[in-house]
Amino acid sequence: MAAAETSAARRDTVPRLLAFNAKHYADKPAYREKEFGIWQSWSWAEAASEINKLAAGLLTIGLQPGDHVALLGRNRPYFYWAMIAAQTNGAVPVPVYQDSVADEIAYVLAHCSARYIFAEDQEQVDKILEIQDNLPELRGVIFLDEGGMRKYDRSRLYNYLDVQAAGENATQKQKADLAKREEAQTGADTCAMLYTSGTTGQPKGVVLSNDNIIKTAEASSDFDKLSVNDSVLAYLPMAWVGDFIFSMGQAMWTGFCVCCPESTETMQHDLREIGPSYFFAPPRYFEGVLTNVMIRMEDAGKFKQSLFHYFMDHARKIGGEILDGHTVSTSDRLKYGLGRFLVYGPLLNTLGLTKVRVGYTAGEAIGPEIFSFYRSLGINLKQLYGQTEASVFITQQPDGQVRSDTVGVPSPGVEIKISDSGEVFYRSPGTFVEYYKNPKSTKETKDKQGWVATGDAGFMEKDTGHLRIIDRAKDVGKMKDGRLFAPKYVENKLKFYPTILEAVVFGAGRDMCTAFINIDLQAVGNWAERNNIAYSSYQELAGNPDVYKMVQNHINEINRDVAADEMLSGCQIHRFLILHKELDADDGELTRTRKVRRRVIQDKFKDLIGALYGGKSEIFTKTQVTYEDGTQGSISATLRIEDAVVISVQETAA
Amino acid sequence: MPAEFYYGVEVFLNGLMAGVMYSLVALGFVLIFKASGIFNYAQGVMALFAAMTLVGFQNGQIPFAHLINAALGTEVHHFGWTLPAFVAIIMTLGVMLIFAFLVEKFVLKHLVNQEPIILFMATIGLAYFMEGFGDLMWNSDVKRLDVGIPKGGNIWVEESTAFLGGEDFYGFYLDSLDISAALIAAVLVGALVAFSQYTKTGRALRAVADDHQAALSVGISLRTIWVIVWAIAGFVALIAGIMWGSKSGVQFSLSLIALKALPVLILGGFTSIPGAIIGGFIIGVGEKMFEFLIGVPFLGGATENWFAYVLAMVFLVFRPQGLFGEKIIERV
Amino acid sequence: MSKQKAPSERQNSYVTADGRTIGPAVMEMKNITLRFGGVIAIQGISFDIHEGEIRAIIGPNGAGKSSMLNVINGFYHPQEGKIIYKGEVRRPLKPFEIAHQGIARTFQNIALFKGMTTLDNIMTGRLTHMNTGMLSQALWWGKAQREETENRAFAERIIDFLEIQSIRKVPVGRLPYGLQKRVELGRALAAEPSLLLLDEPMAGMNVEEKEDMSRFILDVNEEFGTTIALIEHDMSVVMDLADRVVVMDYGKKIGDGTPDEVRKNQAVIDAYLGVSHD
Amino acid sequence: MKFKSIAIALALTVSTPAIADLTFPNLTYRTGAFAVSGIPYADGFADYMTLLNERDGGIGGEKVNYIECETQYKVEKGVECYENTKGEGSLVYQPMSTGITYALIPKATSDGIPILSMGYGRTSAANGKVFSHIFNYPANYWVGASVVVKHMLDENGGNIKGKKLALVHLDAAYGREPIPTLEALAKKHGFELTTIPVAYGAEQKSQWLQIRREKHDYVTMWGWGVMNPSAIQEAANIRFPMDKFIGIWWSGSEGDVLPAGDAANGYKSLALHNTGNDFPIYADLKKHVYDKGLASGAGDQSGTVLYNRGIYSAMLVTEAARQAQKKTGKSKISPADMRDAMEAFSIDEARMTALGLPNFAPSFSVSCENHGGNGIAAIQQWDATAKTWKMVTDFIEADMDVISPLIAADSAAYAAENKIKERCG
Amino acid sequence: MLYREVGEFKTSYQSDQQTFPITSDRLVVLSLIFIAFFVIPFFITEYMASAIVLPFLIFGIAALGLNILTGYCGQVSLGSGGFMAVGAYSCYKIMTSFPDLNIFFCVILSGLVTGVVGLAFGLPSLRIKGFYLAVSTLAAQFFLVWAFTKFPWFFNFSASGQITANERLMFDIPVSGANVAAPVAYLICLIFFVSLAFIARNLTRGSLGRKWMAIRDMDIAAEIIGVNPLTAKLSAFCISSIYIGISGALLFCLYFGAVEAGDAFGIDKSFLILFMIIIGGLGSIFGSIAGAAFLVAMPVILKNIMVDFLAWPVDLASHFEFLIIGALIVFILIVEPHGFAMLWRIIKEKLRLWPFPH
C-alpha cells in the first residue's frame, strides 16, 4: 500500500492520477451520464472502485500488458473507465470512431491487432462480428448493452457487468498481479493510441505516452486555471485526440467532472442541463448554433427582433472589450448589463453556455463574425491550434489576447519554427512517440531533433508573437500566372454565410478560380419556406434559380472582399455551381471531422470542373453515392453554372 | 271514484302542462345542440332577454334609458307610445336575429373545434353578459307581459268536468295559459319539423347535424348555419319568454328556467325534438305527482326544486343513453 | 429465418427452430362464442397460447380478430365457451382485474392518454404494481415517494429499451403516429405482463418503423420471455415473427399452425383470395 | 396576479376619502333576483337622505354622508360592503337582507356598530338583553304573523275555530320564520294551519292546486321577489278570494301585484307604514330633490310601498341620530352614541307630523330589553283599478303573550351557543 | 427571460419529479409562501381579508377540490355548492356537539363528512358520463340544499333556520365566529389552503393522479390497463368533496359567521367554482388558484373602479359588472381555452426560451 501511495504521488501514469483523485477528491463528482432520465453520477472514489473492478476483471479474462484494447461506442463513462482499466493492466486503449464506415473500422481494428474490444451495443458488436475473420488477435468483445444479443455465441462475448463481477471475485494472486502491472508502468509507457483521421490515405495510429498526455494536460490546465470544480461535456468522438486530452488527460490531472450526454440527439438539451464550465466545440458547431439562433430569431416578433439586434449591436461593439478587460465607459457598461439581462443572459441560457468559463474552438478557421458573436455575449471563447501528434496543444490564445485571425501563442513548453517553405514545425513534451507500425511516416513527420511538421502554412506575427495559419501547406499553390492561390482562405470566407455549408475552390495552375458550393439545407430550407419556394429534396433546392441568385450575391461580395487584398486578389471566384449532393464522409468526400478531401473531390467531379473551365452554362452528371445503410447508388442531375462578378485589381485601385 | 283520484288526475294534467312549459325551453337547447354541438346555457337568459325586449318595445321604453340619463343628465324613460303586440314581436325577432349574428361573429367563430365543455362555459359567459346587457338596456324591474294570451283557470274545462267528483270536487283546474302554451308548442314543433323537412335551409341544418364535413362539402357555410340556428333558437326563446313572462312576469328568475330544462334534455336526449317534448312531460308530471303523493304528505313539500334532477339521475343510472339514445356499445 | 415445423395442437412444451423452448399453454380458449345482439362475432373458436411463444391471429377485415383480443382481456364476455388461464378456468372478470392477472395490451387505434407525457403514460402501465395508500400519497412521504421512484426507474428502463428518451417529457398528443405506437407498447410493457396482446402493432407504419417495431417485439419476447399474441395484417411480418398462427374468417377458425403450415392451408388461401391486404 | 389585484383594490380603497360627516351606509340591491324590491327601497332611502342635506343641511348641522353599496342580495357581497364601508364611521347598518343580517349580527356586535333590520332579519334580536347591537323595530315576522291572525279574528268576530289557514312561504329560513308563532296561535285560537313551502323561482301550480283542493279559508304568504307575483297570479287563477289572502309586508308592494293585473284586486298585505305620496314630505321632496334632478335611480318610484319604506327606514335612523345628538350634546356622534340612542329611541305622531309624515306610521319606543318596538302593524289592500294600496285597518298590536316567550327561547339558545351574558340589569 | 436554468441537472428521480424542478421557481414560490405567512398577516386589513383574501383562499380550496374531480378525473360536477353546504352544516353540528373540539379538527372532520356524502353522490358516475353526469350532479346541489333547509336537526331546530358559528378560542385568541381578527382568520385559511394545495399536488402526481387522468383521457383504455374505475372515480369524488367540504366549513365559520343553505350555497356557487377551474385551467393546481383569484378579485376590483373611482350609480355598475365578467369569460376562453394555467405555461415557456419565439 505504501508503495502504491508513493507511486500515486508520482502522478506520471493515468492509473496513478486516478488513485490520486480517488484519494484527494474522493467525494467530488468524477463522471456523470444522463441515463434513465437522470444524471447518474460517480464520485472519484466510486469511479476508482468501478475501474479497479473492471481492471481486475480484464486481467481475469486474459488481458496482457501491451495488448491493444479497442473501444467502439459513444461517449460513456464506462468507456473512459475501460480505457483506464486497460491502462491499469498496462494495455493500450485504442478508441475508434464508431460511426466510421465498416472498412475504416476494420482497418483500424486489424491494424492495431486489438486483443479486446469494448463495444457499446448490438450494432457495434455486429460490426465486429462481421470482420472477426480479419482479427486473428481478437480474444474477446465486451459489450455494455445486451439488448438483442441473447442468442449470440458467448464464447468470446462478455457482458461488461460480468467482467466487473469477475474482477470483484478475482483471486488474491490476480489482484497482486494487477498491482504489479500497475506499478511497473512509467511515464514513458504508452498511454493510448489514437488514429488520425488523415486527410489522405489510411488512418495512422499515433502512439502517445503517459508523459505526452500528462505533461500536456498539466501545462494546458495551468494555462486556463482548470480545477477540480470545473466540468466538461464529453460529446465529441472518443477517438479524437481532443476528447482524449480533455476528458482523460485534463480531467484526470485536475479531477474535474466529465459529463456524457444521453444520446447524440439530446446533446444540446443535455448541454443545457449540465452547464459545463469548460467547453470545446469545432467552429462548425458554433456556426451551426449561430445559424440556428439567427433563423429562430427571424420568427420572433418585431419587438423581440429589434431588441435582439439593438443589444447584439451593442455587444458586438463592446462585449469583446469587456471580456478582454479593456476600459469601457460606464454608460456602455450599464447598457451591456441591461443587455445581459434582456438578451445575452437568456441567449446563453437557452444555448446552455451560461456557465462556460473557458471555451475553445479549433480544427478550422472560425468566421470572425461567429467568433466575435460568442465573445461579445461574454463567453471566453478562444482558439487553439493543435494536432493529434502534439497531444493537441501547439498554440493557444491566452486570456485577453483573443483574435479570430490568429491561433494564439505557443502553448507552454512548445517550441515553434517556420520552415522556409512557410510550413509550421513544432517540438513539445506532447510530441508523439511514433506512428504505430509505420516508421516511414514517423520519420517523414518527426525529425531527429523532435521537430514535427504540421503540414500547415503559416507565420508568426512579429509584434504579438501569435501564429497565423494560412492554409494546408500543400494546398497553398500558385495560379497559372503565378498569383497566390489559397483556396481554404476563400472557402472559409464563403462558409461564413449561414446559407453555405461547404465550398470547394479550384484554381491551382489555372488562370481563374472556380467553386463548388454546398448549400445549408436547414438555413436555405428555412429561407425557402419564408419565400414560398416549394422543394422536395436537397437536389431540387440546390437547383433553384433563386438559390443560385442568392449564392451569386454572396460570391460577389466575397470577390469584392478578396479583391481588396492585393496578395489574394487572384482568388476571386469567376464561375461557380451548386452541387447536386451534399459532400459526405461516407462517400469519402469529407474526412470524419468533415474536412474537405480536395483530391477526392477533384477526381470524382472531374466532369464538373471541366465544365466550369470549359465555359459551359450547364452540365449533366451522374454521381456515385453511399446511402445510410451502406448500399451504393447513383444520382444524376443537370447542373447550372453561373458567372460571378469579378473585380479587376485596376478597378479597385481606381 | 274518490275525489283523491280526481285530484291525482288533475295534478297529472297540470304536470303535463308544466312539462310543456319546460319543453319550450328545452327545444331551444336541442336546436342549437343539434346543429353545432354546443350546449347553450344562455338559452334561459335568451328567453328573459327576448321577453324584456318585447315588453320594452310594447311599452315604448327607451333602451339604455338609465345609462343615458346617468351619462347625459337627461330624464328620458319612454318614447310615449305603445306598440301592438305583433309589431313588438316582429321587432324582437329582429333583435334576436342581430343577436344571433353577433354571437356568431364575436364568440362562435373564435371557438370552432373547441371541446364541448369550453363551448358550454362560453355560453355561460354569454349568459352573464346578456343578463347585464338586458338589465342595462331595459332595467331590472319586474315587467308585466301581456300579448293577449288568456290567463287563469279555464272555466270551460272546470265546469265540464265538475260532475266527475263528489260535492267537494270543483272540476279539473287547467290554466288557459298552459293550454295556449301546449297549443303553441304543438304548432312550434310542427313548424320546426316542416321547416327542417321542406325548406332548403332546413335540410341544410339537418345535414349539418348529421355530418359537419358532409355539409361543408355540399357548400353550406357552417357560419351561416350557425347564425340561422341561433336565430331560430332566439325565436324559440322568445316564445318561451312570452309564455313564462305572461305567467309570472318578466324578471330575473326567468333565466333560471334553463336549469329546469337540463333534466328534460337529459331524459329526452340532446338532439331529439320529440325527446324534448316527452322529457318535459316526464319531468313535469313526475315532479308534480311526486310532490302530490310523497312531497307534501311525507317530506314537507318543496320537492319540486330537486326532484327533476334526482329523477334524471336515477333514470340515467338505469339507462345511461337517455330515453331516445341508442344503447352504447363500447369499443376499443 | 426459418422456423421448425411445430405441431399445431400440442398441449405441452415444444422447441422452435432457433432453439427456444416454448412452455406449456398459458391461455386456452375453448369453444368461444361471442354475439352482439343477433350478430355473431366469434363462433366456437378454440386455440391456445403457449408460454413464451409469439402467437399471431390473422384474418381478413371483420373476421373477429379484435373481438378475440377483447375476449382475452375481458372487455367482452363470451356467451359460450371457457377461458383457461394459467391452468384455471377464468370466471368472468372485469378488464382491470384481468390486467392485474398480468395481461396487457395495445390497441388498434392508439389509446394513449393524450393529456399526459410519454413518461406518465408509461407510468400508468405500472399502476398494477403500485399500491401505496392515499395518505402516504397525499403527504408524499415514505412509501409513496419510494414506490414512485422505483417505478420511475422501471419506466425509464422501458424508455431506454424502446429508445424514446428524447420524448420522455413530451405530451403524447404531439408525437407522430409511429412513436405513439411505440409509447403504447411501452405502456403495456411497463405492466410486466405475462401475456402481451398487440392489436395491429404495425398498422399505418412505414417500412422502417415496421422494422423497428418487429425488432422490439422480438426483443420483448426474447429478453423478457413475454408471451405475445398479436393481430397483424402484414403477412410477411407475421410469418417472420410468429411461432404459430391462428387464422380467422367470419368469426370462425379456418387455420392454426406454424406459419408454413398456415401458408399452405387451402382454406386460408381461399379466404385471402381477393382480399386485399397491405 | 393575486397580489396585483390586491394592490389595485387596496389603492382604490385608500383613495376613497374618509369624510367625517354622519355616515349612513345602505346595502342595496338594484340588480339580481330581488332588484325589483331593492330599487324602490333604495330610492326612497336615498331621496330622504338627499332631502335632509338639501333642505336642512344635514342633521343637527352635520351633513349626511350617504353611501350606497350594491349587494345583489348576496351574502358575500354584503359582507364585502360592510367591511368596505365600516371604516368610514358608519353609524348604523341596514342590510336589507335576512341572510346578510345574520352574517353581520356577530360582526357588527363586535365592531360596536348597531344594525337596524326593520321588519326582517333575526326576529329574536328583539331581545336586547342578548343582542346588544341589533334592532328590529318597529315590527318583526312574528308580530306580522300575529297581526295576520288578529285580522282574521277581527273579520270573524273573534272566533276562528276550525278555520283553515294556509301559510304559503318561501322554502327558506325567512319563509319559515312565522311557523312557530302561527303554530302557537293555532293552538290558542283553534284554527288549522297548513304550511306550504315554495322553492325559490319554482312554478307554484301544485301548491295552489293544493289550496284549491283543501279549500283554505285564509292564505297568508311569506314570499319574496318573484314568488309574490306568481303566487298572486296563481291565487287569482284558482279564483281564491283575494281579500282572504294576506301577505307579509315583503309581499305587498306594487311590483308584486301589478303583473297579475286586475286579478290582484283586493289582495291584502301587512304594512309597516302608510303608502302613497299624499304626505307633506313629498312636497319637500319635489322641491328639494326631484326638481333639482337629484332623485335617486330612475326617479319613477315615488309613492310606492317600498319607496315609502325606504323613507321610513331612513327616517328612523336619522331620527335616532338626532336623538343621539341631543343626548350627547355633540353634533358628530359615534356608532356607540348611535346605538345608545337607538336603545332609547322613541317616536310619536307629533314628531312624524313635524317631519311631514302625519298618520304615516305608528308611535313606538325601544328599550334595552326590547329592541323590537311595540310590535304593531297594519293591513293594506290593493285596488287594482286605482293601482294603489289603501290601509284598511289601524295599526294592530301583536299578541305579545305568544311572541315574547318564543323570542326569549330563541335568543336564549343563541346566547347559550355563543356564550353571551344577558345585559340590561 | 428571467430563467437561468443552465446547470440545473437532476441526479435523482426525487429531484426530477419535484413540484418546481427549476430552482428559481422554487425560490419564488417559497418566498411567496414566506411572505404569505410572515409578512401579510401584519398588513392585512379587515377589508382586504373579507373582500378578497379570505374568499380567495376559501374558494381556492374549493376550486382545488373541483379541479381534482373535473380537471384531473374528468367528471364534471355542478354540485359543489351543495357539498359546501354539507361542509358548513357538518361543521356547525360538530362545533355545537363537541364544544371543546379544536377548530382545525372541526373543519377537517366536516371535510371528511362531506367526503362520505360526495362518495354517495359519486356513485352514479360509474354509469353516467359527461354532460349527463353534470346534470345529475345538480341533483346533489338541489337535494342537499333542500335537505338543509328542510330538516331542523341540521340547524339545531333554531327558529330562523340559520346556523351561526360560535366562538372558539385557541391560545385565548378567537379562531371562529365573529370576533376572529382578520390576520387570524387569514392564517387559518392560509394553513388549510397551503396544505391542501400541497396535498392536491401530491395526489395528482402519484399513482392516484395517474389513475384519475387515465380515466379522464380514455376511460376504457384505463380500465384495460388495470385502473379500477370504481375506486378511481369514487376516490376523486370523495377527495374532491373533502376539499369542497373544508372550504364550505371555512366559509361558514371564518367568513360568513352565519349562513343559510339556500342563501349561501346556491347553484351560483357551483357555477362560480366551475368557472374558476375552467378559467384557471382544468387539470392544473396553479389554474385552480389563479382562477379563484381572478373570479374573486375581479368583481371587487370592477366595483371599486366603477363605483368608488368613477362614481357610477351602483346599479349601472352592477349591470356592467355582469356584462364585463361575462364578456371577459368569453374573451379568455377565446384567447386560451385552457385557461390561465395554459397561458402561464406558454408565458413561462416563452420566458425560458427568450429571446427565441419557439
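Some notes on this structure:
Note that the chains take the letters A, B, C, D and E in the order they are written out, and that residue 1 is the start of every chain.
The rule we apply is simple: contacts are C-beta pairs under 8 Å (C-beta built on N, C-alpha and C of every residue); 3 or more make two chains touch, one makes a residue touch a chain.
Keep in mind that this is a model prediction, so the values were computed, not measured.
Farthest from subunit D in terms of Cα centroid separation is A.
Between A-E and C-E, more C-beta contact pairs join the chains of C-E.
Each chain gets a centre from its C-alpha atoms; the one nearest the centre of all protein C-alpha atoms is E. The most distant chain from subunit B, with centres taken as the mean of CA atoms, is A. The centroid of the Cα atoms in subunit C and the matching centroid in subunit E are 42 Å apart. Averaged C-alpha coordinates give centres for subunit A and subunit C that are 46 Å from one another. Here the spacing of subunit C and subunit D, counted between their Cα centres, is 74 Å. Taking the mean of the C-alpha atoms as each chain's centre, subunit B and subunit D sit 35 Å apart. Along subunit E, residues 12-13, 16, 146, 150, 220-221, 224, 313, 315, 319, 322 each make contact with two or more other chains. Across the assembly, subunit B contributes residues 66, 135, 140, 300, 302, 305, 330, 332 that each touch 2 or more other chains. Residue numbers of subunit A whose C-beta contacts span two or more other chains: 37-38. Of all the residues in subunit B, the ones that touch subunit D in their complex are 7, 10-11, 14, 17-18, 21, 65-66, 69, 73, 75, 77, 135, 139-146, 151-153, 168, 170, 173, 175, 247-249, 251-253, 256, 288, 291-292, 296, 300-302, 304-305. Chain contact summary for the complex, subunit A toward subunit E: residues 32, 34, 37-41, 272-275, 293, 296-297, 299-301, 304, 307-308, 341-343, 345-350, 352-355. Taken together, the subunit E residues at the contact with subunit D in this complex read 46-53, 55-56, 96, 146, 149-150, 156, 158-162, 164-167, 177-179, 255-260, 262-264, 268, 289-290, 293-294, 297-298, 300-301, 303-305, 307-309, 313-315, 317-319, 322, 340. Those residues of subunit D lying in contact with subunit B across their complex are 30-33, 35-36, 39, 171, 195-203, 205-207, 209-210, 212-213, 215, 225-226, 229-230, 233, 236-239, 255, 258-259, 261, 263, 293, 297-300.
Taken together, the subunit E residues at the contact with subunit B in this complex read 76, 124, 127-132, 135-136, 138-139, 141-143, 145-146, 150, 220-221, 224, 267, 271, 274-275, 278-279, 282, 312-313, 315-316, 319-330, 333-334, 337.
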